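All remarks here apply to the structure that follows.
A, B, C and D label the chains in the order they appear, each numbered from 1.
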């Protein structure tokens, strides 16, 4: 796992618009059932129009500012940096309204849904953060919300389930398969097929059929864009040596990386040991896109296992698969224990209880600083994708 | 073949279906999930015996995103029994000719697993004639089309009520074997009545092709089959079959059910044509 | 309860520095045991020095910005405003790190404690928000933290208890009296008596012996100061007609009011029906200060009862007692049911699940807009003191 | 009065304590929470009989922030029994003279409740001579000082190890009856040993006054009383008494305990003076 080899840094327009048919290299595409192809096309068309419309951009920027609390700060992790021998900065998505980066994407899609005349949002959720964000945006814009959530996640993330219901969303338990995010996503897609007329499927990560991976990354790039500016103001070098984010589907990482793809920063995506689509997946198609997925010898998608419900997904967004192939980003894994330990360490040194998802990114930083993979003195920007309130009962059992 | 001219360039499945259709017969394509029971291939024989014109054979996938609860459950059951593409195709190899074409349906991940070429070659070796991939829309089909054609596998494309007319023309044109008309905006699964969208979609497809059009998704009773027959060349019956199988119905029980569908289609045929 | 009478608006320096001996009118003072008098004097001296020291102010401002996420937005409550016929703006303290305004005060006191060479923070907590904030600041600055919490609140606010422990704080259950905030405060004071040498008592509201009521208000005035500037930018009139905040001890209200005391804005403090120190208390002395407290006919302090643990206190800060006497602020009460209803309403219309404490302020706005007490078309600034994650299990049982 | 000159201007409590002190006697002031049992005034009689030089009578308050668990529990118990300022003082009114002064202690909220004037007048009527208010430090005492003096109630001020010397002088000067030296930085309650701070504080008080100095907080055993006597004029014994009361000890049992303290003080007196 040592990273002493030269790091390839193509500066030429990675993380721009995908190629035709939503392709990132050989990944991406729109492998949707025919019944959803037209709906995807409509989303694509609406997004393309909206994204160049200053009115839409302005409305979204205002929502992000006055409702979601952007910009989020860049926090120097002073005591932890000292202990690790690196200079660690945290991009604080945990401070957004609802407590994770998911709100950035959801406000964008919800505004788009309104623009498209849709009355309802459909969403899948794992950790519940995307579901809460969707329920929130729906309430704010006067839309309905139906959120699909695996039964297992409903148990693990009871707090978020009630938050969604309190926000007026319908939470539909998914009892099939592994009863986690993968199955919730399947069920949401099934439901969307019957509801394209009045509903928008608000996917929560950079996965799904084109244009979702691209669109969601664009809605999340505010993380990277803000951080880029903040680093420019804060760091002598202007750009951090490393940019690190956890990867479930990959939206917070994609949004973060997008701000640094054209810099010499080394991009590191951290996956859960038991849900390492980018690090250990093989080519496949699931949930509308071609990417890397954990599979068994027969080509069946295997269940992911992670202490972090939001990383409990056997695949990864197509652009990450592409960045991996290019060598532009590196994908590493950490174990449940490392993540839990990192969460406690951050709490004790910086007074921040991170989401277990985000704790994965930190766990890699800690490990890499310890084994020299992160050279001492490096500057590291890490996206703290969410806060840990939702996870304290899980951690309570562990500690 | 009653009408070899029209079927020119068509593959075996399409030629078979056209020829039967052209006799005025309503086409019946029952579905079974491969590996669902130890002796699952007996269902194929029973289907053929009950008057099926083609048989859809599902290769179970872990994440059947376009299937309703019944076929989801059938897939889970088969997988739990150890079913896999390899084993299901192996089960087929020893079988005598059914007299009707076998059309495999599965999700694209299983096609990609060994690669489209190996996958199609394996189908061909097992005697399969057609292939339905519900999550492979026409615009993503390039990778598979030529490979399938080269292997002698007819790649059936699906059309949906949401498909705009120009795209419908492309689908109808590029589909092989037949055009799979998805009767409604929804997943597979039994429904109380045939969706209103079924008729309209079939008419729209007819406007752009004379390829056989089979209506699927939700066709579950003889009455519905009869009604479907008024618009389409025939029906695909999946969840209604698989619910019975899951409830314990053996090949003989299914034969009776299929016979009732056969009879309904034949009656409608007598009346309408 | 109608407010059609002319509203007295003394513009002359209310909410400045207290008079000699920490007096706000006849309230305040330092009714501390002799053993704590010297410690209070030291805090007073240190605070006075620090508060005029640009170095201290700068360090605090930076912590508030990069760690706590200030400034917090001013959110127009669009859909709810329309329904109520008023223009409601929410000052979003729920978006601060740890989820309530308590962090503003705690970062100030923790920085002061460091300056004073203290190694440990002692705190009482009701809802747990102040305890979490204290544990957070302690972790951040490398201090220890001991938090006293009533057993009943430990049950109601289990999430926060675990957050504190995760942050490395010691949480001490208080089993005496009503086993809520009042008793936790008593116990914290008892503990401080034995620990003045190395520990700072970090009081969580504008209560306690001089200089706490004043100091905490100053640390919280950032709420009002920010809101004042934001209203100036956002409102045609520059200043809202009404400024509303919930009142437990009264720190978020005091901090908010401080920004508007010299304007014509009408100040409204909203108490819990069962913990209405300002609205129904009588003169007394508790926890080091002279103020208004709920008491029985024998002069015993009675137990407060509120669905909101943070409002479950039988008294109110001395400055509020004074503002009440002056008529500069008005104090009203709402019931548990009204507060719970308001929480759900805000969730459903604006996508914000408020803390039950904050929901009290909203409940009054809703009621007053309904019965004409708030004239239609009024502009209302309401401080949303905290987020409701900690309360969802309470609400779950109610709904 | 053995030394009328020194005691000039002193109130009755102080005169009493001075006169006893000046005989070389170690002063003993046991404490009881008013209303703790139905016949609680019997404790007063027992204390006097066992050689108390003054008795501290606690008026229980709901929030005894300077008390440790024992006196907290005593307060709760008394309040749960319906104790109140009014009822406790009423219980006193029928009592014959105890021969030693009664000093009430309570929190300032109870003083404020009917107002300092009414409160002091009520104490006076009930035969109480002194008043200790642990949460009323000297700088907040103005409101009560004159009122108490006018009512003939000696307001005892407390000094603590944390009190700086100039302030100590002010406290000693303004205190009436005696100076209450808080032996340690802590709450009331039994301790294993006398705090080291006790000696130092007492010496510091002695430097600025010749008023009697009683050492309280934590004095719980005859040995500790003996040690305390080396520095102070006497001791206040609260928690050690109340723990016994809470454990069910009646007036006679307490008499024995107090006698042991009395004896210890007398021995120390014999040795040291």
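The rule we apply is simple: a residue touches a chain if its C-beta (ideal position, glycine included) is under 8 Å from a C-beta of that chain, and two chains touch if they have at least 3 such contacts.
Everything quoted here is computed from the prediction, not taken from an experiment.
Between chain A and chain D, the least number of touch steps comes to 2.
Greatest Cα centroid separation from chain B: this falls to D. Distance between chain B and chain C, defined via averaged C-alpha coordinates, is recorded as 67 Å. One finds 98 Å separating the Cα centroids of chain B and chain D.
Inter-chain centre distance (chain A to chain C, centres taken as mean C-alpha positions): 35 Å.
Taken residue by residue, chain A touches two or more other chains at no position, since every residue touches fewer. Taken as a graph of touching chains, this assembly is arranged as a line, each chain contacting the next along an open chain of partners.
Chain pairs that touch one another, listed by label: A-B, A-C, C-D.
Across the complex, chain C is touched by residues 61-69, 72, 76, 79, 84-86, 107-110, 112-114, 134-140, 157-164, 167, 171, 182, 184-187 of chain D. By the touch rule above, chain A contacts chain C in their complex via residues 65-67, 69, 72-76, 79, 92, 94-97, 99, 135-140, 142, 159, 162-163, 166-168, 343-344, 347-353, 388-389, 392-393, 395-396, 399. Looking at the complex, you find that chain C touches chain D at residues 21, 29-39, 176-177, 182-183, 186, 189-190, 193-194, 196-197, 283-288, 290, 293, 295, 298-302.
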